[in-house]
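To keep things simple, chains are lettered A, B, C and D as they appear, and every chain counts its residues starting from 1.
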Amino acid sequence: MKALALARATFGRWEALLVLLIVAAGAWSTTLSPYFLDTGNLLDLLTPYIAVGLLALGLTFVVIAGEIDISVASTLAVSAVVLARVWDAGANVWVASAAGLAVGTGLGLFNGVLVGLLNLPSLAVTLGTLAAFRGLAFVILGGEPVTGLPEGWSQLGAGYTGPGELVPIALLILLGFALLLGVLLHATRFGRYLYAIGSNREAARFSGLPVSRMRVALFALSGSMAGIAAVVLIGYYGSARADVGNEFLLDVVTAVVLGGVNIFGGSGSIAGVVLAMILIATLRNGMGLANISADTQGIVIGALLLGAIVAGNLSQFARTRWGGRARATGGRGEVPRSEEVAVSSKT
Amino acid sequence: ARTEAPAAHGVASKGYKFFLLPKFVGIDPFTQSNQGAQQAAKQLGDTVKYGGPSKPDVGQQIQFINNAVQQRYDAIIISGNDPNALAPALKKAARRGTKVVSFDADVAPTARTIFARPASAQSIGAVEVVELGKQMRYTGQFAILSATPTSSNQNTWIGFMKKELKKPRYKRMKLVKIAYGNDDPTKSTEEAQALLTAYPKLKGIISPTSVGLPAAARVVQQQRKCGKVNITGLGGPNQMRAFVKKGCVKSFALWSFVDLGYLATRAADAVASGRLTGVAGQKFDAGRLGKKTVEPGGIVTTGQPIVFNRKNIDKYHF
Amino acid sequence: MSARGTQAQALAATAFRLREFGILVALLATGLFFTLRATNFLTGDNLQDIGTNVAIVIVVAVGQTMVILTRNIDLSVGSIVGLTAVITAQTLAHHHGLSLWVAALLAVAVGTACGLANGLLVAVARVPAIIATLATLSIYRGLVFQRAHGVTINQSDLPNGFLDLATRKVLGTPFLLFVAVVVVVLGSAFLHWTSSGRDFYAIGSNPAAARFAGIAVTRRVILALTLSGALAGLGGFMWAARFGTLNAVSASGFEFDVITAAVIGGVNVFGGSGTVLGAVIGALLVGTIANGFTLLRISEFWKITFQGFAIVVAVTIDALVTQRLQEALRRRRRREVAEARAEARESPA
Amino acid sequence: MRALAEVDLALEAGKVHALVGENGAGKSTLVKILTGVEQPDEGELLIEGVQQRIADPHAAHRLGIAAMYQEPTVFPDLRVAENIFAGRRPRSRLGTVDWGAMKRETRRVLSDIEVDLDPDTPVRGLGVADRQLLEIAKALTAEARLLIMDEPTAALSPREVDALFAIVRQLSARGVAILFVSHRLEEISAISDTVSVLRDGRHVATRPAAELSHAEMIRLMVGRTLDQLFPKEEAEIGEPALELRSFTRRGTFSDVSFTVRRGEILGLGGLVGAGRSEVARSLFGIDPHDGGEVRLDGTPFHPRSPRAALRRGLAYLPEDRLAQGLVQTMAVATNTSMAILPRLSPGGFLRPGRERRLAERFMERLRIKATSARQPVEALSGGTQQKVVLSKWLAAEPRVLILDEPTRGVDVATKADVHRTISTLAGEGLAIVLISSELPELLGMSDRIVVLREGTVAAELTRDEADSERVLEAATGVRPA
């Protein structure tokens, strides 16, 4: 019963559309390439997106609360280089990982204080820290890489387990965090507060929710996820460099918005974000195996997405038009915003 | 379904499938490498598929590697975005039977069998200093406008530039700044401008990247400082022809990416057939480039950088 | 009453420029800092460099501002700039004698078409702008790849008259900057003086209310995105002239610079507030920070770090100044209303 | 869901037609259909004998239909003048926006309804009452043939109401047909010529206003009679629960002092903008204050945040339900539990069952017309939403409760329920501060009334001393003629 309610709460029209698209993409990929439908390949679909995925999970929280953190990839970079430096200086893997994680959380906290306590606009702030943190990564490591990280570590990012050594460990990590964060977002008070703050910050404050503290915590969470992503990514690459994760931002944002998270806050689900990642991974993999060039892939994915959403909107439009319901609701493009949400508090 | 039969000496085996994986697609050097690769493949009876990310992204490159392995390509010929980060994926490729040859930008030596390079890093670094030295009469301040701070090729070349500079001939030349244009025309332009402003006495800029070089040349041209500030570095003759004709750039260097792609593919064929294992001293037939010997570290070299100037530039069209 | 009224009005009018005022203070502070610290920062040539460097950003940001005002976003501008730059260059490379006006018109036309497609997707097909333009970002970029065919167009392929645009001066201003100024003036005027322009603000401020008020929301959103595309097309033309080297990756990621300018300049991403002037100041601020720290002769790595933190500091200054002024204004207005009421009470009695 | 079925109305030029009905009866839905915001499934509409279809708000404008909606639909980023003229800005000969004319017109219409607002004031930051006045100004400048007013007076104090009615009379004299929706029965009797009653989306009756007594109106709306409108019970008044001494926020209110005791209902009266809400906001820790002292149950309290206030047993029901009261997209149950979630979610985990049961309890108690506790509040009628806000704060079981316009838009029957609830709570020893612009409510419910004028206390009246003249005199500073 409870599970059902939870499922209903998290599994909306958007998620259903994504599932449909994944099935279609899978079927298409199967016809595209004989190599697609292969257990190893299927299980490995998400492996290239683990770090992007972990960042996207963290960002999901931020966006649902009506904020944005575009510094995540730079935060990841600082975590990664600190971690590598600490290890290089002779610390063991655990200490190094903890240091990386702590740094990620700390940088997130820095963003959080600027946004949550000083009430600065998060996009502007993280545009700044995006550059600043990237610079820090270079200050710490310079242009040279740290290499030769221990085998055990690469297990984390690039190892396999399970029957036939087919299941990527990184996949388990991603799904584990998705589950954990899914529970946090959908089944706890913390998550509820996020939605409330993202839908109407003013009303949330008037209801006595700890709005400032939540907003600080949010960025810290996003920073921690960047730290965790750094640990896994370092394992995946087996080395660290200051420009690590340079190209992640667009993919992260894509996963979040394609996952149905409202960019203006207040709605979205972890399931949607995970599904969006699976969808993109499937399409990229299928077309990649058919040697369709990267730029054509971009065109196909873009067009497919638009087509699907437009078709979804059209069918909904048809239903409201001819299905007898009096209210014609707008598409997802219209985001209801209480007029006062953007008003910052005065203290 | 391919023939593993050892081929007769000098004649390549037939029918290998190679994947040519550049840092990213859409720019001249890699397009030209592909031309060379196709020439070689045609001669050898192999096929080369060219494809790669649309931006210089390690993550995407790994996906291309994995896809190539999944499709059972015989070898991947790669120019790496990050030598070390690619290593795990490339090693996995090798374990699953796909050989690895790097070209242009090397990957970790343990992750590939052969690295086909255009010329020795030493000669590439040195030639730029030599040319700039001549242009600025061995006196004054100069700067370097590189790609990104992490570009391993550029970093290696800059290392050799510094070595070359130690020679007494250059003792009155002073390297004042290494700037990074991130292989982005906007950033490179801004950096070049700032160099001219911040160092009014600057006499030269070396830009060892084909994005930085024309950007720097254009800035100098626009500020009417041709002749006062000397520009040299690495770039294609087509890119630089206009500047050379107007006398704004006296000389610069590069190599033929067609040849590089050709050599890499020849090497890949030899590696795929098992004739080449990367041990120093091994020899193989590089077709129109003659016989090549593997140097220590599993490296084969195309030749020497070509220096282009007003006199010879019209002979080259790439 | 009337004297107080005008006073209050003047203040309220200032209040409306507050957003820009804060960021302007930040810009001036930055400028002052570099003037004191960096060699040759405050020279005519250097300022001209900064101006020219941000000219294209400004042109495209004017369109982006309009889109953001309507509570939408256009992420595809970088790809549109790339596409139109490559098309312009290819056309001119093949037809050296072609009038530059025709080439510019072609670029703007292609940009307009791209923008119109965005507009239709967002306003008619009701795809959220961020998703729609994220998709067209890849689609238009894909088209650039197909057009460019992996080949770079070089300066030597292009007519001199075209390349000279980058150095030519009009009324003492670099041509590119001049174009930007014209676009800014027209854009500002459009947003202030035309009904359509005002509608952008209304739509972004409260879309439902805009519909209730009988504003043609669909058409206006299409218009905003189309204008953004058209200006990106113009930006592409300028891009080709400025850099002279064009290939499939030209201007990738450029949308980022454009959005940064608008956001730093106080254009509210939730729509409804912000001005073209703000976006211009934002672009100048970012350009100044990039230029100034480069002149400082500090290490590359610290430079990037400082540039980032400088943006954070500028945003903070902006917020503090704005908050202070608004609070002062609120009190003042309150007092004046009370006085006006007291007067009104006394007169009939 | 069917919001409206088979309604027949005939609106006459030059007449004021009142539309009444319980919360959720379908009044606003009817308004929205007339203005093209929503579409009817069937039926026809004739204007001056010609059949018309109103496809969208633009079409309504063309037909001369103007409306002010129940929830003020302002553009917070725009200034007052633009808000009034959005969608139909005056144009100059060049086709550009004629700012001068726009501001002139704004000043004219605002002075007509006696509002001191500068046309250049940004609307963000204006209170509900001011927004409602803007909405009125907007409708007045539309030059409509049919003017629809959906609860225009809900947040207004007598001064504004009088000014509004003067205008309404002028307009109807000019031949404008007016449809007037309100829950304030006195106003309906005062202004309307004809009254139509809706119940559950059905048209129940249309009568000349003069022939319709309040009791009869209520019976038609509710289907039964109500015995008492302001069921104030005597409660035992105890120790001081909330004490304010010289409470000040510079530029907003100053030197505000009053005491509320256990079991007491303290009315806070004044005109719109007098600063009542501001005092409450500072007290609840939403806005800062600059001076003065607050005591809760005799111990000092420094309001810092709503959260802290809530922990000390202080609750504040805000005046603006749209922006401050509710999260519109969330369910009834979610909104109801919002302020007490820590209590309902042991260990931090949500317990949807508990929340639902809580909400259902209040749905029954306040007769909330929602299909289920899971329905999003945005789908509820205005008055019903107000009841949800009320539920949220009652659920918090505070010791001091500040109610800011608690019955704004609530229908008569429920209003009586709410009053009864307030009275009961007071009887249980709760201290209540009641901010209301509706004089009968203030007079009927309060044990004591403090009147604010321009941010300072103008009078403090006991229940026996208080009557409408005295309150108005204190509020305006002018002796009524």
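Just so we're on the same page, a contact is a pair of C-beta atoms (placed from the backbone, for glycine too) under 8 Å apart; a residue touches a chain by one contact, two chains touch by 3 or more.
If you're wondering where the values come from, they're calculated on a predicted model, not measured in any experiment.
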| item | value |
| --- | --- |
| Chains touching both subunit A and subunit B | C |
| Subunit B and subunit D, separation of their C-alpha mean positions in angstrom | 73 |
| Distance from subunit D to subunit C - Cα centre to Cα centre, in angstrom | 41 |
| Subunit B-subunit C separation of Cα centroids, rounded to whole Å | 38 |
| Whole-Å gap between the CA centroids of subunit A and subunit C | 28 |
| Subunit B: positions in contact with at least two other chains | 25-26, 54-55, 149 |
| Touching two or more other chains - residue numbers and ranges from subunit A | 138, 142, 293, 295, 298, 336, 339, 341-342, 346 |
| Multi-partner residues of subunit C (each touching 2 or more other chains) | 141, 145, 205-206, 208, 248, 268, 300-301 |
| Set of all touching chain pairs, with the criterion as stated earlier | A-B, A-C, A-D, B-C, C-D |
| Subunit C-facing residues of subunit D, complex | 35, 37, 56-58, 60-61, 69, 73-79, 82, 86-89, 91, 95-97, 116, 118, 120-122, 125, 250-252, 273, 454-455, 476-478 |
| Subunit B residues within the subunit C interface of the complex | 24-28, 30-31, 34, 54-55, 149, 177-180, 184-186, 189-191, 193-194, 197-198, 200, 211, 214-215, 218, 222-223, 236, 238-243, 245 |
| Residue ranges of subunit A touching subunit C (in the complex, touch as defined) | 114, 118-121, 123-125, 127-136, 138-139, 142, 250, 253-254, 257-258, 263-264, 293, 295-296, 298-299, 301-303, 305-306, 309-310, 313-314, 330-337, 339, 341-342, 346 |
| Interface residues, subunit C side, partner subunit A - complex | 71-72, 121-123, 125-132, 134-139, 141-146, 205-208, 248, 260, 263-264, 268-270, 300-312, 314-316, 319, 327 |
| Contacting residues of subunit A [partner subunit B, same complex] | 33, 35, 38, 41, 44, 48, 51-52, 138, 142-145, 147, 154, 157-158, 236-239, 241-244, 246-248, 284-285, 288-289, 291, 293-295, 298 |
